[in-house]
């Protein structure tokens, strides 16, 4: 059994992690921490677990007494809050999977510019592997620290990677229009995410300013070997879970839809969690699962390629991918604990 | 033109009041106050008004400089917060319509027991007319201060009043099961009313403990001349607006559905905002309007009467009824500014 | 492995069954039928299964060629449609779990009065065990045919059973106010269940006329040994899944809340899927799981007991309970394939 | 008073028209038709009108007896269904505002290719003015027949028109990503628009195939004087009303955001229903109103202009714009009957 600790278990991402690790047959949760709910029964915070568990949230300060009991910690904290605990864990030879955003951006200045905090664990930045298994599987297997990708970046990178690698598209014309459910905004008590402010409405937000932009650009640049700038527009949709990303691209070559489908199917043929599908994705078909659905359309009139991807922002976009990374890091079946489809309706 | 001030214009009830007074052809808004948004353009808080208005929120402290400009103030404040402003206005010969709950309960001890604050304007308690026009129309016309009914009480009292007055039902067996949209919980930033905590779920809350219980009981007792205790269960429903109340009653007499319909239709035949309807009400048919729909069913097997009513909690349950009261207090057409049906879908 | 066939796999209940049997480690699906989607890949109807399965829907007429391959069939058909297939299966020594409503009502006249069709498999009516394990566990274990309870009845009977058995309540005063998500209305293309007709609204329907009334009354009468008539009001709530039932009861004895809690906890202490909880249930805490949450409140002022229960209408209210019954009928762990909490948010 | 008839009053667009004309002080409804609800009281179909109106739906065949009673008819019919009634009305000197799509596309072959029906009123095609007042105000004033724009085209054309006219953007790079509420799909009983199929999900549909593409392209080409091809992706969002369109454009010139704002504000300075706003639009701020909100962002890194617009698909996107056109055609205040903001929350 892989013994795990969850740092920040009461946010939505942390809770999703708890869920997946709870049902995982090869992992067991040794401790969980919570800033706002320390000393409370976890099943009093999330009453769905009543009768299933008896975990109590501990303070982050008390992790030091527990760190020796675990093989890996998951950190699910606001940006800028994970430096100390990550350093501490690594020094104690405990592996780290950071679901937060502190180890994703490799360039310190870029990180500090977009996140407005000083990076205080720079020495681990390069060691931290960007945890998208479809790109970095082998590196993840041997890493001590994984930077779990953001939700939007996961949906965008899986959509774009084969097209970029095959040099199908004009790299200066990448436009991504993404739509997210409200859980992406977290569980903080803000007026903007109240039911009465979100329901029956849609809005774009953070146009050209969202913190996932440098993350997406970094990875796209790594894939293509050139510096890439994108246009990225996130939206808030009146649903709890799900991200749908639509990528608009200019084709470099005269290549038809069927051929691009072949390329995508080939790239993802061995991937346990990517489905290249002929129909247009809907987030409900991946909700609650670790699946990413990808579909392609070529518009001949404009010479454009449109790629659409759908994920569950809390699963493939956060906790599910983190578990997938854990499975890789500990040498067990990569899909362990994640082999279930979306439950609908 | 009736000149009005709104104290507490940025909560949902206050905003609904602003909306209705804005489109009212015989009222004009002279000032509005806000605790959290003082000095801000109202159309920066509620951007739907952009281009329509130029009102700026003032501090409640500055009402003293403006009080002479108005004929009436509406107070839409949390309980326990309206005493000073109400006393001040009345002393300045400005009428008051209190949308809050501070002047509804006539018995001070009952008020203080349920609301946990000391009542500091007791001398106006008796003068304050309970503002349900269908009961107190004539008193409202000549009053200086009106206590606007709560949202649940409005839906319940309109449903029960004729049955009680006609002595059709066992007064010891009144059970009310009410369902409300989330806007009833207000615009405060609480985790409990976040989209992700309310959507795709229903719950009962405050069973036998809700503050609207003494208000409903007081008015039912006044109607019947006997002290009445009720069972009342409110629910939170994943919709923004609307209250549906289902009243379960034991019939005293062997009386059929048709006859009770006759009684109800007769009671409400001249009411501009009560519809006694043969079909089962749905909140969408009253959403955004000042209408209360009422339907009746007799279950012969159990000798029971079931009365179902639907209102918009923010209109007939708050701001619309307040405008109706204003119209009465100033001797203009009672339905002025309120003569529109629900906009659907 | 238990080999199963699903008759009517493309309705919401049938699909939920498919989901649960797909992830069940001790059952395998041998065939599925569909009236509207015969010959189609199941994963083209429900695209969440893409990549997980390769099942093709067959015609019900073709079950005859497959019946020998299975140990049990689940029938999830509209009322009046299951008689032939049930008779055929039983004659072939294949067990039957009927998720529909054709074998629940033991009195033929009552069935025919409420359902408006002739019952054409009367000889199996008495043999069919009403499949609420919390009442009939032992009988289910040895039965060939189980009539799986309706969704509303499941939520009501679990709430009321201990109070009735202990003779705590006045049997002439049972009132049940239930609220259901829209999936309870099925997947037929009706205007009434369109998004634009259901969202942002709540309504009661079928007041005192719903077909689950005779089912609830039959079982309550069996429990208490007296004929019981209830008042039952179902509601349509703008959410996909979940039922919340609130039962209003008159206490016979002067008994306090704590004592009733003790009784309930004792009754359900060994039940794998019933949680007696101190807080008020919310459907989100049971959504997607086979759990039923039950809470109690005594209102001393009126001598009343209020019992609130929450289930997922498609799981404990349909497919989950059916799997629980299958587990019992085949002598395996009753909770097999059902041991997971609700996934939230 | 302008006397009007509504052909097809029971779809969502027709109903919205009924609502707006009902509250319009200078129009009165003389007759309404319905295919599915002929001879029914309109308030039995849409119960929100109970007590407000007594209109009865007539058959379309009976319009011939009523045509002389009206000055104008609104046709709100499926495509291909309005030819006969439009010809008949015009011959009787009754004006026509077609909310459907039969008179928008000027090129018959294009119409027939995209709509798959033969156009049977070609002689009126050229006469029919495309009813976007912000473009064709003067022509509308003197027209007998107006082709009311589609919902998506309205949101897109208002967003793009000034940029095109000022030649700010590369005309080969227009990408529009639009999101619509479910009411855009109409009131037909389809599985795809059931609550349980739409709620908690988002999807793109009709990518590069939607029938509004030739309409948008025709008008953009007219504005720019060049043939324009666009990429257009519509989405279905789990809300009832609203369209948010995000346009991605390549800037031709080095021009900053402030300057483009100036241009847009200047273009729309006299428009009663277009607001050029600094913040990002949300559909709730225009819901139920005839307003179109437009916002601009320049992304200097990529030399791109992003324009975002929000409308209510049933008001500015259909019925409200139709009323605006009627006002123009009859020489009354253009904003008559439409001067109200969105009601929120």
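Lettered A, B, C and D in written order, each chain numbered from 1.
Basically, a residue touches a chain if its C-beta (ideal position, glycine included) is under 8 Å from a C-beta of that chain, and two chains touch if they have at least 3 such contacts.
Being a predicted model, the structure only gives us computed values, none of them experimental.
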item: Far-end chain from chain C, centres as C-alpha averages; value: D
item: B-D against A-D, pair bridged by the larger set of C-beta contacts; value: A-D
item: Centroid spacing, where centroids are CA-atom means, of chain A and chain B in whole angstrom; value: 46
item: Gap in Å, rounded to a whole number, between the CA centres of chain D and chain B; value: 37
item: Whole-Å gap separating chain A and chain D, where each centre is the average of the chain's CA atoms; value: 39
item: Residues of chain C engaged with two or more neighbouring chains; value: 12, 183, 187, 196-197, 199-200, 238-241, 282, 284, 345
item: Chain D - residues contacting chain A, complex; value: 172-173, 175, 177, 179, 181, 196-197, 199-205, 207-208, 229-231, 233, 235, 237-242, 244, 246, 248, 280-284, 287, 297, 299, 301-302, 304, 306, 308, 345
item: Chain D partner contacts - residues on chain B that touch it in the complex; value: 12, 15-16, 19, 22-23, 46-52, 183, 187, 199-200, 240-241, 275, 277, 279, 282, 284-286, 288-289, 291, 293, 340-345
item: Residues of chain D that touch chain C when the two form their complex; value: 12, 182-183, 187, 189-191, 193-200, 238-240
